[in-house]
Amino acid sequence: MSIAEPRVEHHPAQLAHHFEDLGQQHESANLGMWTFLATEVMFFGGLFGAFCIYRFTDPVAFAAGSHHLSVLWGTINTFVLLTSSLTMALAIHAGQTGEPKKQVRYLLLTMLMATIFLGVKASEYYEDYEKHLIPGPSFTTDLKELGLPTDVPEHTVQHTQMFFVFYFFMTGLHAFHMVIGLGVMAWMVLLARKGRFTRDYYTPLECTGLYWHFVDLVWVFLFPLLYLIDLHK
Amino acid sequence: MNNQSDHTALHDHLLPLSAYFKVYAWLMAFLLLTVGAAYVDLGRLNFPVTMLIAVIKGVMIMLIFMHVKYSHKLVWIFAGASFLWLLLLIVFSLNDYFTRDLLHIPGK
Amino acid sequence: MWDFPLFPERATEIAGKVDAVYFGELAVCVGFTALICVLILFYAIKYRKGSTASRANAVTHHLALEIAWIVIPLIISMGIFGAATVVYFEMFRAPADASEVYVLGRQWMWQIQHPGGKREINELHIPVGQPVKLMMTSQDVIHSFYIPAFRTKQDVLPGRYTSMWFQPNKVGKYHLFCAEYCGTKHSGMIGSIHVMEPADYEHWLESGTQTETLATSGAQLFKSLGCSGCHGLNATVRAPLLEGVFGHPVPLEGGSVVTADEKYIRDSILLPMSQVVAGYKPVMPTFQGRISEDELLKIIAYIKALGRNERSGQ
Amino acid sequence: MNAYAATEVEAEPSYLTAGQTIKSWLLTVDHKRIGLLYMVSITLFFFIGGAAATILRLELMTPGGDVVQAETYNKMFTAHGVVMVFFFLIPSIPAVLGNFLVPLMIGARDLAFPKLNLASWYIYMLGGAFTLWALLMGGVDTGWTFYTPYSSMFSNTQVMAAAVGVFIVGFSSIFTGLNFIVTIHKMRAPGMTWRKLPLFVWAMYATSIIQILGTPVLAVTIGLVGLERICGVGIFDPKLGGDPILFQHLFWFYSHPAVYIMLLPSFGVINEIVPCFSRRPVFGYNAMATAMMGIAVLGFVVWGHHMLVSGQSMYAGMVFSVLSYLVAIPSGVKVFNWTATLYKGSVSGDTPMLYALGFIGLFTIGGLTGLVLASLSVDVHVHDTYFVVAHFHYIMVGGAVMAYLGGIHFWWPKITGRMYPEIWGKLAALTIFIGFNLTFFPQFVLGYLGMPRRYYEYPPEFQVLNVMSTAGASILAVGYLLPLGYLLLSLWYGPVASRNPWNAAGLEWELPSPPTTHNFDEIPAAVERPYDYPLREHDRVDS
């Protein structure tokens, strides 16, 4: 970025050349993040929409698929992720008050939670793999294994597999967002340790937080849709 | 809307820490509630109840954790619009699925 | 060279109605386009740079005018919507006495089967003046059955039945096109509709090898696939009797009621667990993978034939 | 032409001369340079898509198959559609003119996120590379609509490479939209209130809403198609338990609003040109801005009119049909308002104005025939025929491309600092107008006659109209090559342009031509109302 800026001497170091002041820069970044999150809502939203429509067309198959998921692990993971949202909120609070040590501490805690979540998710995936629930040629067609009543048509088996297509696509996409979040948080930790975030400037930290809360928000909807709604059947 | 005068000061939505813990406690309570409710057969109500709890949790996260409650009304609009659009997608698609075969004309 | 057509032939009554709506729309299109073009040219010339026309009292907004050009087009377009929708419902609501022809689309041909059992490929012979209903499905990708002279078209989907109907009023040979892109020879998936005098049609039906009717073949399949073992009168397993079922409401397990139409019968054969008749055990095996689209059509024809008989007791 | 010659001498180098190395272009974060990078790339894609169209029109000269094989023909219309829609029309006005003009018009030094802006160009090029690769490796034959189950289970062509290209280029579009939204909200000069914004900026804002909310759905839909194609797991293919209609819902949820991504920016351009060359404020400013926002929102709930014979329920068809009529109303308002802008103006027929007036006429025809297509029973007949092809070319070529060319001519002096030869400009505009109508008007007739689209061979009675169309296409091709030639030549031989050769209103015209890298030395503090065109003195009395 070039620096041929007439009033450069008035500008704080964090201020990019094309903004007038830090307030404008901060608001732009914040609004940009929200716009990006709106995009993300529609990105996951297309999948939610397709999932809802297919669940409506074959509830039996989707219920059978859902029964393979472990509610215990799902609940634990929800707990972990909600907690990580809390620690992230605290990290931003520390940003607002300009306390680098607390920023680093809470960011690391959040990263720890994220890692636990991903670990649990991976073990769930592994369990699904062992039960031959990965969609594709290896997907089991054994009705008993699938928990379907004997004598259901082929379509129901296909729709059960479809449940897992959506399960893996949605949770996989969600996990992918978490991995990116982990990377961004690691970067924030580095910046925070250098004391880059002060009461006047903590925009990157805030944007990371918004992103992380969004990841949490997606899970708040994924968890009941995938694990819970057919539990009573 | 004048840009310069409109830039909110950076420090004005510093919440007390207790606010975050309070929301966290509520989130935990709703988590237990939704898992519990899932085991009870409420008939047709299971789906709406579960989704309602999810929406409540989501709104709490957005309002407090994501500071929407203390943000510019623009943020309210953006946060709301994305969900409105998602609703449009789902409602108008489902409208097709719910009304198929209403007239007993195959394919219509 | 100049004897090419500018307007398609019209061979059904509905086609006339579609054309009427179209002409109405065309009038609106031409009217508004002419209005805009004339105004633009007129203003551009009258108020050209340097002209002496008076520019006094020019306004930059005018509420009444703006409301007028919202409300007037709105009224016109709602009128068009209403007219078009009425005709649309007429186009797809088949009369009860329409004879049924089955259509199977596949890359890249149309297989057509008459209720009498006669088969055709890429050709459809029908009598003039009688309503014909097509029950259509596809074996592979999406196709679309399109007869320009009848102004009608319907996508043909794999795994699902779609239908259309028409009542030709003019003897002749008309184009049949596939209108939904379906692969390399999409443009070769064409054929003809032969609308014939009833006598010629009878003659055509009798010509060629005589095959049994769809319903008769269906009856044989009904036995050979073992359906009659349960759905028959002397069955050991209790299953619903199918006489007189078609077209009537059927109460289901769980309290809902469906009408026994083609889709319901197809689903019941392929997905028997999904809609079990109230009071019966869900014991019917699926026939998914054991029965072809072709055979399904025959069995449906048979069950329909049963439906036309008197309801024969419980 | 001498009247346009520059009088002032600029001390600071312009954005064009502020760095001459290739690196200074490829790593630039200057919105104006990025706009030019886009201009060069989309021009390339325009001519690639045009070459495919040439083959289509040549093949259709005769009823039988002679020029190419059926497979090749199918690959060509797919290439034409994919390239023109995703790599030319969608980025055209926003990424070129929008990038260049939005900061200038609102009094900002750059877009809010300059690096993201550069990144979106690279993402565009990456997506383009994938798609070109798909075309070179044998092509794709699904049509730009990628309908399942054909695209996911049946086609043996390079569907995945093309789909990945479209997936990637979507993010370029999203990031451009995101940048505009934030820029328009947060970077306006003091005093540049929403009601003082040029309507071009309003148009960019409305477009951006569609880009950020629609595009992700396309991306995820393509992802699902890819999953079905690669892993063979059922999503849309009925044989595997899927529903192909769901694909169509998701696809059109983006792809119908995508039409407005092409069209709203065109409205924006026309909104600037018509007042300037009529010397009048735009008629009904509030209605114009409201109409564009209304189109952006309503445009999201009409997608099902692409599916009226698809097996969608009749009731859903009715809902989509009636909403389609509603979305036509704001478009009508715009046409009437442009016409009223001419009234009592001082109209001159410079090249941009010729394009603008051509746009209004062609868009009117395109829009009104859209009403024919939205009416349920008539659509049953004309759906998937050449009537549809003619209709959307009137919108996309007669509309979006005319507006793009009009805009390029209008702002060419600002962008390059040079004037193009006016006489050649007028000639090209006229050639394009005539060629366009001759190409596409016969297709309305063909469509109502019943000629289905995407047909390699056709019954002989359709030949004369097809020959007319091909003849028109060759005129159109000349029309498109002309500006390429004289605009390029003007870079070296054109007279130097003044700050404001058209005597136009708007902040961008107060800057030197071409502007400096930082646009404004001081952010403008007081902003006049937009389109402040007083009548010329000599028009008030006489001349």
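As written, the chains take the letters A, B, C and D, and residue 1 is the first residue of each chain.
Everything that follows uses one rule, which is that a residue touches a chain if its C-beta (ideal position, glycine included) is under 8 Å from a C-beta of that chain, and two chains touch if they have at least 3 such contacts.
Predicted model only: the values in this text are computed from it and were never measured.
Undergrad: Could you let me know which interface, B-D or A-B, is made of more C-beta pairs in contact?
TA: Greater number of contacting C-beta pairs: A-B.
Undergrad: Distance from the CA centroid of subunit A to that of subunit B, rounded to the nearest Å?
TA: Roughly 15 Å, centre to centre.
Undergrad: If you average the CA atoms of subunit B and of subunit D, how far apart do the two points sit, in angstrom?
TA: The answer is 35 Å.
Undergrad: Using Cα averages as centroids, what's the distance between subunit B and subunit C in whole Å?
TA: Inter-chain centre distance comes to 41 Å.
Undergrad: CA centre of subunit A versus CA centre of subunit C: separation in Å?
TA: Measuring from centre to centre gives 45 Å for this pair.
Undergrad: Listing for subunit D: what residues touch at least two other chains?
TA: 185-187, 213, 217, 245-246, 250, 253, 311, 314
Undergrad: Quick one: which residues in subunit B touch 2 or more of the other chains?
TA: Within subunit B, residues 3-4, 74, 81-82, 85, 89, 93, 97-98, 101, 103, 105, 107-108 contact more than one other chain.
Undergrad: Of all residues in subunit A, which are in touch with two or more distinct other chains?
TA: Residues 20, 24, 27, 31, 35, 38-39, 42, 45-46, 49, 53, 57-58, 154-155.
Undergrad: What's the contact topology between the chains, one of line, ring, star, complete, other?
TA: Drawn as a graph, the chains make a fully connected set, so complete.
Undergrad: If we count contacts the way the header does, which residues on subunit D are in touch with subunit A in the complex?
TA: Going by the criterion above, the answer is residues 29, 108-115, 174, 177-179, 181-183, 185-187, 212-217, 219-221, 223-224, 227, 231-235, 240-243, 246, 250, 253, 517-518, 521-523.
Undergrad: Flag every residue of subunit C that touches subunit D in the complex, lowest number first.
TA: 1-2, 4-8, 17-18, 21-22, 25-26, 28-29, 32-33, 36-37, 39-40, 43-44, 47-62, 65-66, 69-70, 73-74, 77-78, 80-81, 83-85, 87-92, 107, 140-142, 144, 146, 148-149, 151-155, 157-160, 162, 175, 177-188, 190
Undergrad: Contact residues on subunit C for subunit B in the complex?
TA: 92-94, 135-136, 154-155, 157, 160-164, 259, 261-263
Undergrad: Spell out the residues on subunit A that touch subunit C in their complex, using ranges where they run on.
TA: Those residues of subunit A that touch subunit C are 58, 60, 149, 151-156.
Undergrad: Within the complex, which stretch of subunit A touches subunit D?
TA: Touching subunit D from subunit A are residues 1-2, 4-6, 16-20, 24, 27-28, 31-32, 35-36, 38-40, 42-47, 49-50, 53-54, 57-58, 135-137, 139, 154-155, 158-159, 161-162, 165, 169.
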